[in-house]
Structures are given as structure tokens and as C-alpha cells.
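Here it is: the structure, laid out below.
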């Protein structure tokens, strides 16, 4: 055992028991899992505390934190409790095709702010919470990178 | 250009012209070759001056030596001209199933010395030159590693 | 056999470019790939004899540029162009420009592309030929008359782009209130995608199955109807899974469908490959949807049951060859299923995802075919369709094909990005799909965003992450391999190093 | 369908173990792999649900140990054992031990293995049943009478092991002087391989073709003859390439061959899969050689043209299932060819080579099937057969199948060791092979050790080595990747680093 704490979607999760793990391809994180009845291929991709485990084709984000990392993270959360503005960012690179957000306007949670076309699909970026539009950082026809700031909500 | 000299089977070889090379997988040495009319996959595996290039499934040993390496190699050859005994070694790991060589006996070039079974085949190891058997290093039933000394010829 | 052409340019990318190149290689034809700047390192470029750059990453300036493609064909000395699917494959303007340059277009005549590319005109022609069409308008909607037209057609209704295809410019309308926003959205998407915002309306048939007939014709008047494909597993009106034969058709229904498909093809001058799409209602009646004048993504399903190479035949009939009796009279054998592997998150509305492939393990062995456009460590250009590969299986019966597909999907492993593999692995055990009892609502009604991660899987994932973090911390690198991650001669040493790592 | 068994043990390794596991997965049967110490990391172990160690590396103490295998089956709760090919697949003692342990042996009855394992007795039975046999003795040779027997049979003659198979214990004799040494060598090899040094003699028929008939029978008296396979491309009397149908047979010849095969099978109690091998002389007359009471390496060729899964049927008939009419009356479709990829040097007498696989790229796409036992970076245990993989193609005609095979072999790339790929790439362009006009002397007469490396290829190899050495010297490693060759999160960084390397 180790002092690692495992979390999925921010809930602590116990470790499955009775399984063995064999690395088939370390470079790509391919592992073979066995429990004495069946075997399955899986993937473990990640760095440090942040891992993505792929089971039956589904990616599951898992954090594996040490005691030291947990203490530091708690201190970090305490420092952030003075909530500031919310940044709405692009989750995919693409082309801005429409901007519904207007500077200074109030928006409700779920309201469309920006439409981005990526991989042939038009995706509407919606407000994650109610608020007021402080900044509109993009305009139609503008290509945006993944993570680019679109709108700042107050 | 470089100062590299390219040799195959100890003959100098000119470089083909008009081709471009693109690495597809450096870890495994996979390259794509193009000459403006066709493209082909090939392999370049090696280290230092010693390379094996695989074209159309055939492995071709190529040495690519620098001027410095060539000077050193010539000195080395000069030092070896006092020929000594010949070591006959296993080229494959396997099981010794018969030993025809007898210590002290004279053998002709091509005469069978030892039979080794490997990968379901029986392979006869033959004398690379005429001489006298100075040492028989193996006996029937003995497994041998690749490169193991079998017989010493004087 | 004399090659039909000396050199052929493939005006496409990804798996279909590789598919066409394989057919060319087998026919003895030299291949020319084209690539945008985003694709310089893509698989299809490496697989071609020659490769021509056609422009920057955006498709509008590369794979959709008639000028750039024709120029590349002329530069490379190509005698023919295969357009693949998507991009310019159904563009009459492209076909005309190709032919004007003295190059053979591997597809139906340009006038046929034009006639059938107008989905509204095609609806009218089909109706005139006596083929049942999905109830709806046969003229374009305008903002003023839309409310009246939709009230006549009935709700829910489906707005569709006259120049459309592939689900783009399509919007569902539930009630009169939804008309203005849906019409605006459909027009905007259609105009952006096709340069034509013309919209018409069809009644939304539900439950319905999507079944299509493969046609193959030569330049001498011979036309083969090569059986149907069932394509009802869809998201966003785009197909995910196809099979042949359709589990929903009786032999009589099958023949009626083939007859209707031939009637539709008879309304235009036709040769080469095309597909006539139909909806099948709950009573087994069929309604013409549209005719696609190109190779379909899912053509391999028909290849498996007929034993024919459709792409090779496209090229051969384009060169003037006659279809022999063996093709015209071919009898399908067994059952084939195709699943499409997409870089999409099926747990989040099948949203396309960006990134780079990590591990890439495809199935093989008996009865399995893979057509892939990427491999391990391939980057995924965000500009293009997120289709990664198609896995196809063939077996002597539908249950055996499903068993084979399950096995194949268990062998499949893709790292780096979420794909629809998790959905597909669910699907092949879904009772309705297994029974052959499903329609186009399957994904929306039975999958949604999929079940939550099972508690057992969460614990297993936690175990894997735990071991992975420990291994990442615990394995020191032997000094000798430290500087050599990409040198072939270091492989053995590194592998040996790995084997010494502790196992648990 | 109810699975025929709950759990099945595969008493084999390599590609055939994976092949059997795939059939089991599709039938819903849990799989048990066995492995020697040399195979702990092999692919077939990773692919199984359960894995049992059966002993050290030497086959005699692992894959040939009846005791270890039966114990592994009992430990793992297997209800059936599939023996694959080679090893104990034709051992009556093994079949009896398996059945005595209450486990089903997937193969013909033990008494049939015994009867047909004695090649001399099988020759007598076939002759008695009215099937033509290769001229020669039907009793064992002894040192005293060998000269007289061989003089009667005529030279060149072939000494063969009565307990033999797979070319072992076989020696060609050119003249009376060669008899003593050839007989001693054949006896020694036969005794070592089979524990039985009994030798007989056949006239060496040349030119001759090697053609075989696939049989499949159930436990209820139904017997299907599933067409023939042409296996004349051989080295050391072992097959390298197989195809179906045989280009040498007329329809009448094909039916006569199937009839003879059925007669041979009729001399013993028979069910499950077996193959009857014949020689075909220049006039098209066939002569019985032997009947192999197991799955053949080349069974996939028959699977492609018949659409049947022979391994699944082996398992199903072993569980008592009846062969349905679709199997008994199946009609072959198209043409299939298999090539075997061996770790052997075709430029040095097809000498097996040891080492480790480097790059491993197998073909895919339409009409291509790959059954592999290794992958990139697999070590090659020297103890076992050097077969790496089989590449099979299927197309609608023999010319199309050859074109497809050429394409498939161009996509194939194997690093680390010399393989017979260079021979196969030559073969698919060899005029005699392309015309279907070849016999068992093809390799010896037309290939030898192959042509010397062409001057153009030498210059191209020199160019590649030149570039490779410069690249190895010129590319400094970014510091950030230096310690991380096996950490997944370092891949992207490394790949980007590589892209910055200068191209030429």
C-alpha cells in the first residue's frame, strides 16, 4: 500500500481488489488486467497526480494524490474562496461563427454566448452560471485555439 | 555531403541520387523513400557505423564510416596480420545433438564438426578452413548460446 | 490486365484516401495524394506514390478548392481524379472542371450530380417516377409561408437543406413557435456548409429505419443494385453503424426497395456508383430520401457480402469497362456489420474532441477488416471530419457477425482521446440491436449520454491509476538509455530495462 | 446460442493459439492459455482470460508434456482442449489422456490419430480402399534390404519417417551410394523428433504439385469435403504459400480428388477436421501422401473461399453439434492465397534466424486478413517454430488475388530480423507463379538463394544508411525527454522534438 488517495469526480474511491496489472506498452500506457476469471486491456495515461484510465473504451479521469499534495491543495482552495469573475473559454479549436453575448448584458445560466464551428459541427458555448458579461473577447469569423478566452462573466 | 564512406560487403558504394527520406517511426527506424515517381517503405536499423537497411524485405548490411574510423580500422587490420587459431562459434542458440570433431584430428574445409538443433532443424556446423582440431568445447546434449565456442581449429 | 489509368489523383484525405489508393495499387495505377498544411505528416500522404500540396489547413482553401485540385492533377500528370466522399465528391462544378481539364472524373456525370444535388428537385423527380417520397414540401420554404407549410406537413417536422447532406443544415421543429429560430439556424448552417441556404421540410417519420441501396452502373447502360445497407444507428442524423442485409426487410421488401432505387436512377443519366437512401416506417413501407452520387463511407459492408471491390469497379467503369454478368448477378453471402470509430465523446452528446492519438490497436484475424486513416501517435487536425477508422466484420449469419464484432471491439484500444468505442461496446450487447429491433431513435432513446461509470469500474480505474502512479515514480531509467528515446539501437536495452520493472 | 463449452484450454502457442482464442471468444467460451517460461510475455498469454504455466522453455518439458497440459486443464477447470497444429495435435496418447481426464479433445478420435499417425499403415489402408498412393514401399526399410528396396522404387527416392510429418526425418537419395548416410540421418532425425526411427521410401515424383483436401465431419456421420488447397510453394518439404482453388485442377480433377479424400477418411472412424494430402503429377494424376488429423496452418485459405469458420466448427462438432446443410453444401467463392511470414533467411537456405522483432507493420484494408503471433518488439524464443504470421488475401479471381497480395506485401514491414518477405515479394511477380504454372521445385529451381542485391538497391541502401547515420549524430535530445522514454506523458513532447529534426 501507499499513501495515495484516489479520487474520481472529486469523490474518494476504493481500489478494486484481486486484480493484477501487467504493462504491455509503457510508452502508450497499455496494460493488461486480470482477476483470475477474465482479462481485459486498458490504458493508463497521465502525469504526476492526474491520470486518465480507459476501460472498455471509456476514459475515466482519476487523481492519485500523495499526502503532501493534498495538504498543498487544501491551502490553495482556502486562498481561492474570494471568488472572482468566471472565464468562459473555448474547449476546442475552431472558428467563431456567431457571438450572442453583449458586453454589459445580464445572462442566465445556460444561455448561449458564442457559436464555434469545429470539425464540421456548430457548437454553442453557454454561460456556466448567471451573471453579467464583462468582456467579449472574440468576434465572428475569428479562429480560436483551445483554451482561448471567449467571454468574461461577472 | 559528409565525409562518410559507404560500404556493402566491403565494397565502396555510391549513394543513390534523387531520393528523399522521411522518418515515419524513429524508434523502429521506419523511413519513407520517394524519388518523384514512386514511394517505398524501408527500415534503417543500426548504431554508429553499422547499419542494416531493409529494402523490399531484404536486409542489406551497410557500413557508414567517418575518415577517423577508417584510419583506426586500417591500423587494426595491420595489427592482426599475424593470424592465429580459428574459433568456430555457434551462430544460433540450440542443442548440440552430434559432435563429429575429434581433438587432434585433421579436418578439411567444409567438413562437418558439430550438429546443432535449433528451431526444429538440424544444422551442421562445418570447418571454415582446413586445419587441426585443437579443442572441442561442447558435447552432445549440451545447450549452447549464440556465439558460444564450439571448436578451435589450428 | 492493362491498368485502367496510368496515374490517378485522390482528391481527399484520411481513411478514404487510403482506401482508394489500395484499389489503385491493385489495379496497377500510380497514386497521387493531395494534402493541406495540416496533413503533411498524415498517413495518406506517406501511402501515395506522389504527393501534392494544395493549400493551407482550412478545407475551403485546400480540399474544397476546385482550382487547387485541378492544378495538382495537371502538375502531377494524373489521368483521373477520384473524389472519395464528402468535400467535392458531389460537386457538379468540380466534375465539370475536371472533365474540362481533360481528366476523367471517377463518378456519375456532372449533370447527374447537379440534378441529384438539389434534394428538392430529386424529390420531385422521384415522385414523378412513381417512387414514394417522405411527406413534405417539394418546393423551398420561405419565411412568410413556413408556418403554413409546416402546419400542413405536421409536427414534429424536419427542416432540411436543399443542397444538403450528412445531416448539416438539418433542424427538428416541434411546434409552430420553434419555426423562426430553427429556420434561421438551418439556413445559416446550410449557407455556411454548401453556399446555399435553401430549406425544405419533411414530416419527421418516427419510428423509422434508414435503409439504402447500393447502385453500380457502367457507361453502357448496365446497372446493378447490389443489395441494401441498414444505417439506423445514427447520432445527429449521421451514421455510426451499418449492416447488410437489413434485419428489417423481407425478401419482398428488399426487391421493392431495389426496384424503387432503379426507378430513381432512371430519372437521370447514370453511371459509376451511387446510393439511394430510404426511410422505412414501422409497417415496412419505404419512402425515398435522397440519392447520393458518390461512394459512401459504409461501402465496405456491401463489399463484404458481395465479394466485389466497389472502388476498383468505380475506377474500371470510369475508364469505360463493362460490368460483367458476375457483377450484375452477384448473390450476397453472409452478414456484414461496420462500426465507425470517431474522435467524439459519446458521454457528452457525441461532441467531437481534439488532440492526438496515443495507443492504437486494431483488431485482426478471421472475418475482420479495418480501414483506418490514422495510427499510433497521429495528430488529429481539428479542421476535418473526426472519423478515425472503420472496423468491419463478416460472418455467415447476423448472430455470428455480432459475436465477431464483440470480439473485434474487445481487441480494439485507442489512447489519447475519447472515442465512440465505449458506445459501440455497449451497442453490441444492447438487446434491441442484438435482436435487430431498432430504429433511428436508438441512440437518443436508449443511450442518451450512456450509463454512469459503474462502481466496479471506478474502483478498477482507481487501482490502475494507483499502479500507474507508483510505476511512474518507481522506475528509474538506466543511464544508458537516457539520451536515446528515438534511436533504434536503444530499443532492446530499453525493453530489457522495462522487463526488470517490478510486476504486481 | 448456448456456448458449446464453458471454458477451453489451448495447448499451443503463437498465432494458432490466438486464432483458437478468437473462435472461442466469438462462441462465448472462456479461454485458458498455457505457456513455457520462454513465453510468459508472449501475445497469446495476454490474449487469454486465464493463463497457466506448464514448464521450462524446452518444448519437451512444456508444450509436448501430456502430463503438464492435462494438469493445467484440470487446474483451470477447462471442459475441452484444442491442440492447434504441431506439438501434440496428432498424438493419440495425448487425446487419450485428455479424454481419460473427462475433458473433450477437439479433434478426431484417438484411435484415428493412432491409425493415421502411422504413415505406413495409412498408405496400406488408402491402397486397400482403392486410392492411388505414391509408388514406394508399404513396409519399413531395414539397413539390410534398403539397397534392394530403393533399387525397386527407383532413384531419386525419398526416405520418410513412418511417424513423421512436417518434413522432418525426410531425406532425398540420389543413388545407391547415398543410402547409408541418408538412412542414418533420417532415422536420427525421426527418432529425435518423434521417438520412432521407422523409415519407408517413396519414389520422388518430380515435377509434382502438392494439393490437399479439407475435410470436416461431425459425430453423426456427416462429412464435408470443403475444396482443395494448392501448397506447392515449399522449402525443405514445408509450405510457404497456399491457395484455393488450385490453378492445376480441372473441375473433374477436383471432384476426383475430393472423392479420394472421402475414401481415405472412410478407412477410419472420423469426426472433426482433417486434411488429406496428395501429389499431382505432370499429367494431373493424383497420389495419396498422408492424412493429417488436425487443423492445418493454412486452414484460413479454405475459410476465405467458403465463408466458414473452421475452428468454430471444430469446437462445435466436438461438443456434438450437427453440421447443417449450409456447411455440407457450401460453394466456394473467389480465390484466396496465404503467405507465411517466417523468421528465416531466404538468401541463406531459409535458415531460421534468432533475435527480436523491431518494427511490425501488417497490411489491412479490403480482402486482407492477418493472423499474427507476434507484434512490434516481440522477442523470438529460439525453441519453437519460426512462423511469425500469416497474411491472407481474398478476391474475386486469381489475378485479382495476386494483385491484392502484391499490395498487401508492399504494406508489410518487419524489422529486427530477416524474414522470407523478400522471397514472397519476388514470388508474387515470378512469371510461373503468376501464371499458376509451378510445382514443388519452384523454390529450389527458380529462387535458390535469390538474386544478388541489385546495384540500384545497393546505392539506395547506402543513401539510407548515410542519412540514418547523419540523423543519429545530428539530433540532440531535448533535455526534457532525456529521462522519460517509457512515460506516456512524454510522448507528445518527444514527437514534437522529432518534428523539429531537419528533413532532407
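Read from first to last, the chains carry the letters A, B, C and D; within each, the first residue is number 1.
We take it that contacts are C-beta pairs under 8 Å (C-beta built on N, C-alpha and C of every residue); 3 or more make two chains touch, one makes a residue touch a chain.
From a predicted model like this one, the values you see are computed outputs, not experimental measurements.
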Check every other chain and keep only those touching both chain A and chain C; list them. D
B-C versus B-D: which has more C-beta pairs touching? B-D
Could you grab the centroid distance between chain C and chain D? Build each centroid from C-alpha atoms only and quote it in angstrom. 37
Taking each chain's mean CA coordinate, chain A and chain B are separated, in whole Å, by 54
In whole angstrom, the CA-centroid distance of chain B from chain D equals 29
Roughly how many whole angstrom separate the Cα centroids of chain B and chain C? 50
Of all residues in chain B, the ones touching two or more other chains: 22, 26, 28-29, 44-47
Which residue numbers or ranges of chain D touch two or more of the other chains? 358, 410, 415, 472, 485-488, 491, 498
Building nodes from the protein chains and edges from chain pairs that touch, which of line, ring, star, complete or other describes the result? other
Pairwise chain contacts under the document criterion: A-C, A-D, B-C, B-D, C-D
Within the complex, which stretch of chain C touches chain B? 30, 46-51, 485-489, 491
Hey, which residues of chain B end up touching chain C in the complex? 22, 24, 26-29, 32, 34, 36-39, 44-47
Within the complex, which stretch of chain B touches chain D? 2, 4, 6, 8, 13-17, 19-23, 25-26, 28-31, 33, 40-49, 51, 53-60, 62-64, 92-94, 97-98, 117-123, 146
For chain C, which residues are in contact with chain D within the complex? 1, 18-19, 22-23, 25-28, 41, 300, 303, 307-309, 311, 326, 333-334, 356, 358, 362, 364-372, 377, 394-396, 399-400, 403-404, 406-407, 410, 415, 472, 475, 477, 481-488, 490-492, 494-495, 498-499
Provide the residue numbers of chain D that touch chain B in the complex, in ascending order. 166, 168, 188-189, 192-193, 236, 347, 351-354, 358-359, 361, 376, 382-386, 409-416, 418-425, 450, 453, 456-472, 498, 501, 503-504
